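Here the structure is laid out as structure tokens; the discussion comes afterwards.
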């Protein structure tokens, strides 16, 4: 207790297990993936020697490039829609709800069903004979079932926006809740209308929560193959579907590795650009 | 050997020493305070007595036993922390009883002891109260009770009254004093509030930058500070530059510049001052007098620059010729017009010019 | 006026969240293999068939096992790392935290695949143990977040006070550190368990022959006649989760004394 040197050693010792596990489970595998992406597969084993052929394949093929583009657009759309819809909801709970805890619980309950079943539920709702179509037909509002609801990017966006709603609401709520109310009172005292005050004080101060929510949603959605597979159809496949196929059957593991790494890099760069851009925009908006 | 003996203790945290070769002796049963500004090393010294820091050199002994190698949980000391450190998951009773677990007292004996302590700190009936429902003053008393119930040889208090508002603090100061007298345990208190140190303690050690400037009773610190630093820290004071003209066994004749030539009792000079030395004459604001218009003795003419009404007395800043800083005077309303300040020689203190010893 | 509009929005949003979820119980009682309107009458046969579904029960058991182990290990790692980072001034603590939180920024599919490669390279079989490792990667960042928040509110003096009052290191941990941290520990256990229980992407690649519940469900989704049974399962999971949260909230409020007047 008395010796500072011993204290520090204790501290590092406590940190070591977590670092070791993460090192083993994260660093080593990713390294391995990088290595694998530089090989090529013949039959069920890897051939000797290194090659950049896989990257050539990934970046060269038009179909892959368009798939990357589509994935980014879909994830981007999902992020935008989810955050935009969630913000007023979080705002309501933070500033106008009387029993905040009850609202928060009510908002998270839908997410205690299995993720797969939630996606499947949308399949049921949007399908040809699904809830919306059969309901509308019953009410004689349409004669033929609507075709555009399912098996396309639209369905993927709607499903993912629903699935990730809680991940948007909670971070935004937390950053709104933290705003010191005396700041808002000061803004009013200095002449701002409620709307101006929102734009000049509330919104900028809630930005960290918004940015956090955006990243939290954008990154995982790029790697989801379940939703595209269930509701995306052929028009709504995303990059993760292609990756999954490479690893499931005897696909092309090096190709899959290369696809994965390019995918992470792309997502990482975009996320980084987004955060930097959002911060700059917040600063200049003062 | 005294009860608490600190001998040449030093401690540094990788830079200049925070505690620099400090030696102190505290007799049994004394209320002793460590007084100084933030960063002077007083809290570090206290934590070394408790065992939470180890001295780089020097020894600390309690009741004859050297404590350097003894872990905190085995020392005969108990501490009241600045944040009180009340265990949030235990109620008042369990908080106070916490340190008695090892004694394995039978239930009735334990209950009796805790109840007695509750009444000593005037928290009767609050045994069942949850920790998060206590007021600041109550938490402070629980922290006290928790430490005292173990009957330590020394009770250490780390700025225990800092978090309380003024009125509560003053009330708690009286209680603390009475409590110490009642239980008779040696108290060592750390504070930056000189009023607190002066009102509570039998003796005070004034610290600055890791070094002890002076150890004395509150009266002696106030009336006979040994250096400018101590005089400056304790209460308010006026300084004048002067030179020693002549010294005899009983008196000292001082050439006091603006104040003229004065003769003071020799005892008013700090030890070690010699003839022809450049010194500082110091006098407290309440000892500077306003002369009546027909006063015949030595006085200095001045003009009131500012006056503050403080209730029973008023505080004045008086400008005199040849001096840029005003003289602080504390007293009742002076006559109108130019004032004449009287500096009674027996109230003047002579201090060495350098800031430290 | 603005309030009214916002209130309306809130309720509409809530409805949007719940409607898909309500599909589950509604059609789990529907007496038809086809998931479409109009409804065909009430039945409990789908629930009954769950009792006979040994494959499902086996998968459920696997998910519970994996969930419990993941929760315990993730919370333990999160506890030690959180204490290390908040109580000691370690150099590079920020970098270490960033590294541990990396899985939050990597799509789960990549985590699963890279672990698959690692196991292949080491010659280790795919198994529930591998799933636990994968889930730990995902769950430790959550555990860490909860526990760091809890540690930061923890008065350092409490442990010193305990030592001052005569308790050695181990007793101090047992009598002070652990009880005060307990709500955080329970929150971490719950959060990591739920995350692991529902996790599909990583488990999909690593589980080998032993299926977890989400993998079992995925397998069933391609058979239309199995669907109502699967919905029944989903409805049960939902009910149990809601029940657990209500129970947890009730227990949490048991330990809190009502404030007294004039303290």
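Each chain carries a letter (A, B and C) given by its place in the written order, and its residues are counted from 1.
Here is the rule we use: a contact is a pair of C-beta atoms (placed from the backbone, for glycine too) under 8 Å apart; a residue touches a chain by one contact, two chains touch by 3 or more.
From a predicted model like this one, the values you see are computed outputs, not experimental measurements.
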Relative to chain B, largest Cα-centroid distance belongs to chain A
Need the central chain here, defined by C-alpha centroid distance to the all-chain C-alpha centroid. C
In angstrom, rounded to a whole number, how far apart do the mean CA points of chain A and chain C lie? 18
Approximate Å spacing (C-alpha centroids) for the pair chain A, chain B: 61
Could you grab the centroid distance between chain B and chain C? Build each centroid from C-alpha atoms only and quote it in angstrom. 56
Per-residue overlap in chain B, given as positions that touch at least 2 other chains: 52, 71-72
For chain A, jot down the residues that touch at least 2 other chains. 1
Where in chain C do residues touch two or more other chains at once? 163
Would you mind writing out the residues of chain C in touch with chain B in their complex? 155, 157-158, 160-168, 175-176, 179-180, 182, 257, 259-260, 263
How about chain C: which of its residues touch chain A in the complex? 2-3, 6-7, 9-10, 13-14, 16-21, 23-24, 27, 34-38, 76-78, 80-81, 83-85, 87-90, 93, 96, 99-100, 102-111, 113-118, 121, 133-134, 136-137, 140, 144, 163, 169, 194, 198, 200-201, 205, 213-214, 217-218, 221, 227, 230-231, 234, 237-238, 241-242, 245, 249
Which residues, counting only chain A, touch chain C once they are in their complex? 1, 7-8, 10-15, 17-19, 21-22, 25-30, 32-33, 36, 85, 88-89, 91-93, 96-97, 103, 105-107, 109-110, 112-118, 120-122, 124-125, 127, 129-131, 134-135, 138, 162, 165, 194, 215-216, 219-220, 222-226, 230, 240, 243-244, 247, 253, 256-257, 260, 263-264, 267-268, 271
Inside the complex, what are the residues of chain B that reach chain C? 50, 52, 71-74, 77-79, 81-83, 85, 87-89, 98-99, 101-102, 129-130, 133-135, 138, 146-147, 150
